[in-house]
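Pasting the structures here.
Shared chain: chain A. Partners: chain B in the first complex, chain C in the second.
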Partner chain A sequence: MLIPFSMKNCFQSLYSLKIPTAGYKNIAKGGLILQSASNNIYQNLAVEDWIHDHMNLESKPILFLWRNSPTVVIGRHQNPWQECNLNIMREKGIKLARRRSGGGTVYHDMGNINLTFFTIKSKYNRMENLKLIIRALNAVQPQLDVQATDRLDLLLDGQFKISGTASKIGRVAAYHHCTLLCNTDWISLSSVLKSPYQGIKSNATPSVPSLVKNLLENDDTLTCEVLMESVAAEYAAYHKIENNIILISPTDETVFPGINKKAEELQTWEWIYGKTPKFSINTSFNLSEQSYSEIKVYVDIKNGRIEDCKIDAPDHSLPLEMLDKLSTSFIGNKFCQSETSVLINALLRTCPKDYELNTKWHLLCQKVKSIM
Partner chain B sequence: MAAARVLRSWSRSARHLSCVNHIQICRSIHAVKPKYTCLFGYSSFQFSHPHRLLRTTSTVSGQIVQFKLSDIGEGITEVIVKEWYVKEGDTVSQFDSICEVQSDKASVTITSRYDGIIRKLYYALEDTAFVGKPLVDIETESLKDSEEDVVETPAVFHDEHTHQEIKGHKTLATPAVRRLAMENNIKLSEVVGTGKDGRILKEDILNYLAKQTGAILPPSPKSEIITPLPKSEKIQTIPKDKPIPLPVSKPKVFTDKDRTEPITGFERAMVKTMTMAMKIPHFGYCDEVDLTELVKLREQLKPLALARGIKLSYMPFFLKAASLGLLQFPILNASVDENCQNITYKASHNIGVAMDTSQGLIVPNVKNVQLCSVFEIATELNRLQKLGATNQLGTADITGGTFTLSNIGSIGGTYAKPVILPPEVAIGAFGAIKVLPRFNEKGKLIKTQIMNVSWSADHRIIDGATMSRFSNLWKSYLENPASMLLDLK
Partner chain C sequence: MALRATRSVRVAASSLWAAAAAEAPRPLVSFPGAPAHLRARRGPGSLPFPAAAAARGLCISAQRPAIRKFTDKHEWISTENGIGTVGISNFAQEALGDVVYCSLPEVGTKLNKQDEFGALESVKAASELYSPLTGEVTEINVALAEDPGLVNKSCYEDGWLIKMTLSNPSELDELMSEDAYERYIKSIED
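Up next, the complex of A and B:
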């Protein structure tokens, strides 16, 4: 399914321009087309932040093209436990990132192009950007049936979603970014974007699942490189600027002072998990296949930390005070597996050496961890 | 109409809001009277004390201004409030973020137009907010220092000065005062404000500078050359355009505060474990180990292990030697119950290895070291290290330990007094390997690789003699690695 390609091919087909020595703050012409040399989601999101915060976009809009190694990107106000399967992601080494724009969850890999349109607030117009993309697609393949919907998705053949949109509006500037599915590993995509967690109650923005399709399936000339070039050309024509794609390095502090700090902030637990809107989990499980007793677990989580926790074993299969001890010791901790493991371990040291109780205790702790 | 004006003013670079525009925007807000937006000449450095120019409002409280949700664009009329960055009673400065709202996949950051104190929030989280309707009430100072001075443009790199406002360190100061501070490289947090609510006034900045340099500064807000200190003759020429670095010898105004936070996570686990450990009467025993032979052996074996994809440190040898020792002294691999009535001799040697991760101390263990070869131990340690580095150690990895070793020497040190991790009864800590001169059996001075080991054991069931004999045995295996071959199973 996945057609492997190297970054080298991609770069050779670019025209690169020398980076102006003054940095990007004072651009003479009416716009810029930038492409990231990095596949690191956090670095690329940091570039978006940097441009949004520091660049003067008056009459100088910017198009930013980027791709990432396998990552799940959730919207600003979403709940990662509700949106994706964190266990599979940990196993497969798929990263999790929270972007600053709103909207739903997407899966990025090298078969997906991200396009960001930076403008000043008054020029913010998402539909216009999408029409530009459609023109670019049709320039490569005129028969392609791509339409923009009210929800600002792009649909192929009227039913398959090939692009989703999100945006961020600040004080003076705004950006609209969207994806473009060329050749994504949709098996990974579907397994990772399905949450296994039960009983979550939250006001976080939910994602709207859609049927997706890769553009490459329709027409094998539509590779990522071809599409990026086409969009860049269309953008250059529309804004009457030179069609020159500038390759940028998101870790270069001389060009983007302060960018590494932004990238670091995007990787902290407090940002990725701690910014989840308040939610609660109300679930139950059996300790093991043999036992019929149901253990009920209720957790309240705010800012990613456990505010309240109750564990009930209705038929007293586990001693009440131990359950109380466990649930109260969780309060204040991050809702995360590694902190829970360490705490459980510390508690286990204090628990009596009854073998049967020990095994039950172990099982309970495993089950509780699995909801995180 | 008001919306269009607002847009126009937004489209200029940040702080170029001239008073004229301000009045136009204010017309849509009832509370502010145009009088207060008059230009104030900045030529006089008899700077305006806020109270002096308050005419119609009381000197105690300022004006309550209703800050309305401005037009977001694309014809959006309502949004959902997703996060508040402020609460009632908080002090905000112009351009601080007030809240985050969401509309149709667009996330919008609403920033404050005024300096002041938040008096009322009109919406709760998840409420629908309407464009053009009040969002918050801000109590402002009635004085607005003139905005005619060019202040910061959006492309600002002086992080600490912009972020002072944004990151919650709410120092009250007008934009002109901030600029003065920035030009002189002064941290606003170090200046004591004498204005209302601790607001920093221009006078305060001037006083601060005067204290620093021992000279009176000229009144203009533009930075001038500060006359050099009489004390330090080292300062020969002062570059004209660069801000003068403050001399380190002068005492600074220390305004840091104590910070209390709850103990959670890894630290809490450590608190629980170590509190339990206090019940155990520890005794310590230290010794010196000559690792010269082991160092040579490891050099030989390192490339072989690397060829198999494993990094070989000294720890696998220490663990294996410990396990061989535990076979002879099983009481060190035991566990006692609550009242010390019964002792359980554990069959498996699950030797824990203390690991320092970004989140704190965690002790995973290698299971059944008595059955593992040195290479297998090395492989397992590599795996645990990788998991530890990414905070992915599972419960199975960190439970079930029977004996622990801590290689604190990899960070530094010689002697230690390790604390036993219950329900274990013994622990060992290693210092750094140092090259030291020692006499050999022929009385000649030779270069040796010396490491110190510090053991702690539970004196309720283990006596000094046992610990000493175990240590000697362990030491002999490491000082003469070939002898390990005799006892390897």
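Up next, the complex of A and C:
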């Protein structure tokens, strides 16, 4: 049962009181079930940050249900160039977000449910949460064969991954969040979760690719709405609280003071790309399909910025001075297509008017841009 | 369990430090208990006090010997010549599980006591790191980039995280001694 959010007072007192008072106890005894009214990844991740930072979870765990418009979400210490196809994502308008929990890369769309279990540190128990989800699934479809693995994935029929897990542990609280694939566009999923970038050397945490399947393929009663209701009901039963799903607006500053700033931080280039662990790219390409001249590129990237860059044309198809000029001009810049475009356009204006050289130069710049 | 074996070492060491080691008061904030299956165990190569420091204590020296102090968030800091070395305790590395990534700050970062300065990612979770004291980061353990597991294998020695200056050395008095920290762990395990 969804309750449109009229419990502003509830939240204000939950926020302002670090220790329970009589009023607080009356409002939310034993836990809360929240559902986001937003499908914006940054706003929803901001809700997680806000609850984690501000709410007193002692004897009051929280379940947060949310879904997002098409987005790729990478783990805290991952490398987006290693994990996904940024070019396809740009073409299709699929967002990229970096979450604060660890773990691997996932694709979200409205066919995927995200579940976040907030507790105090001592009550942090991911397996218990997954067992709750399995009970919820079996409550809808008793024949469903879903098991949790040691890696805390949920497998359908022993082989298809329908859920992945990640978590974060803070000062006093912790959260465990996981996905649940109901009816995701798996064509988009498989195209964006494959990195085309070659020659990356990085110690970022890698993802473990898995065979996935939508629950709806097994049983068409397993829609997102049905499953969210079932998980909420199971959570309410387990924590002995009322089965009321409170709908929240992640942009409401009166309920969540400071939340919009958190959402903004999550959208900054510095967070999404700049937090990528130091890495290097060592790759080569032909200038064009017709040309056999191989260009070697070596780039060192730290905090998302180019620390070192070398571009080589071993067969001297391009003058050394031009290549040096290009590589040194990259240093200090963001490893980013749009910033590189600006730089390249400025450099092209200084390029010699020789047509052939100009064409090669243009091709080179485009190729270098495509690795970003 | 293995704490018993090291008690004799601790007793010997503590007599050396009797004058120097002022026990820190128990923290005022109470913390939730840890799962019962997590026991504080000595990892291989992790001594209660560095052997070199024990030797130094026997010599007449005006220099303050390196003493390890602990926070209630399971970080340790040991100071020498005004520079503190920070790491996580054996209890913490056991609770974390295998560390797969260490996110550490840049050299020069200024930290206030209890500021978040990085994170350790393990199979269990991404866990925040909190600065035990106020100061400036002077060095980070670059070995952890290639071998984050050092935090598990050698949390008190090779698995150190950062070194920092001490802007306010009296903050050390607010931290727990090793004995106090071990009592603290026992209290949260129960």
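One rule holds for everything that comes next: the second predicted complex is superposed on the first by the 344 of 372 C-alpha atoms of A that agree within 3 Å, B and C clash if a C-alpha of one lies under 4 Å from a C-alpha of the other, contacts with A are read in each partner's own complex, and residues count from 1 in each chain.
Everything below uses one rule, namely that a contact is a pair of C-beta atoms (placed from the backbone, for glycine too) under 8 Å apart; a residue touches a chain by one contact, two chains touch by 3 or more.
These numbers were taken from a predicted model, which means no experiment stands behind them.
Engineer: Overlaying the two complexes on chain A, which is it for chain B and chain C: clash or fit?
Structural biologist: Because the two structures are overlaid on the shared chain, the partners are seen to clash.
Engineer: Applying the document's definition of touch, where does A:316 land relative to chain B and chain C: first, second, both, or neither?
Structural biologist: Once the two structures are laid over each other on A, A:316 reaches no partner at all.
Engineer: Touching A:240 in the superposition: chain B (first), chain C (second), both, neither?
Structural biologist: Touch status of A:240: no partner.
Engineer: Under the stated touch criterion, which partner chain does A:102 make contact with: chain B (first), chain C (second), both, or neither?
Structural biologist: A:102 sits against chain B and chain C alike.
Engineer: By the touch definition at the top of the document, which applies to A:168: first (chain B), second (chain C), both, or neither?
Structural biologist: both
Engineer: Specify the partner with more touching residues on chain A, choosing between chain B and chain C.
Structural biologist: The partner that reaches more residues of chain A in the superposed model: B.
Engineer: Based on the superposed arrangement, let me know which partner A:122 touches: chain B (first), chain C (second), both, or neither?
Structural biologist: Touch status of A:122: both partners.
Engineer: Between chain B and chain C, which residues of chain A are contacted by each of them?
Structural biologist: Common to the two interfaces on chain A: residues 58, 75-77, 100-103, 120-122, 124, 166-172, 174, 203, 205, 277-278.
Engineer: Using the touch definition from the top, list the residues of chain A that touch chain C in their complex.
Structural biologist: 58, 75-77, 100-103, 120-124, 166-172, 174, 176, 203-205, 277-278
Engineer: Spell out the residues on chain C that touch chain A in their complex, using ranges where they run on.
Structural biologist: Residues 31-35, 73, 100-101, 103, 119, 121-122, 124-128, 130, 145-146.
Engineer: In the complex formed with chain A, which residues of chain B make contact?
Structural biologist: So the residues of chain B in touch with chain A come to 7, 10-11, 13-14, 72-74, 82-83, 95, 100, 102-109, 111, 125-126, 153-157, 159, 262, 264-266, 268-270, 272-273, 276, 335, 337-338, 344, 359-360, 362, 391-395, 398-399, 421-423.
Engineer: Which residues of chain A touch chain B once you look at their complex with the stated criterion?
Structural biologist: Residue list for chain A touching chain B: 25, 53-56, 58, 75-77, 90, 100-104, 120-122, 124-126, 151-152, 165-174, 203, 205, 257-258, 261, 275, 277-278, 305, 329, 332-334, 337-339, 341-350, 352-353, 362, 365-366, 369.
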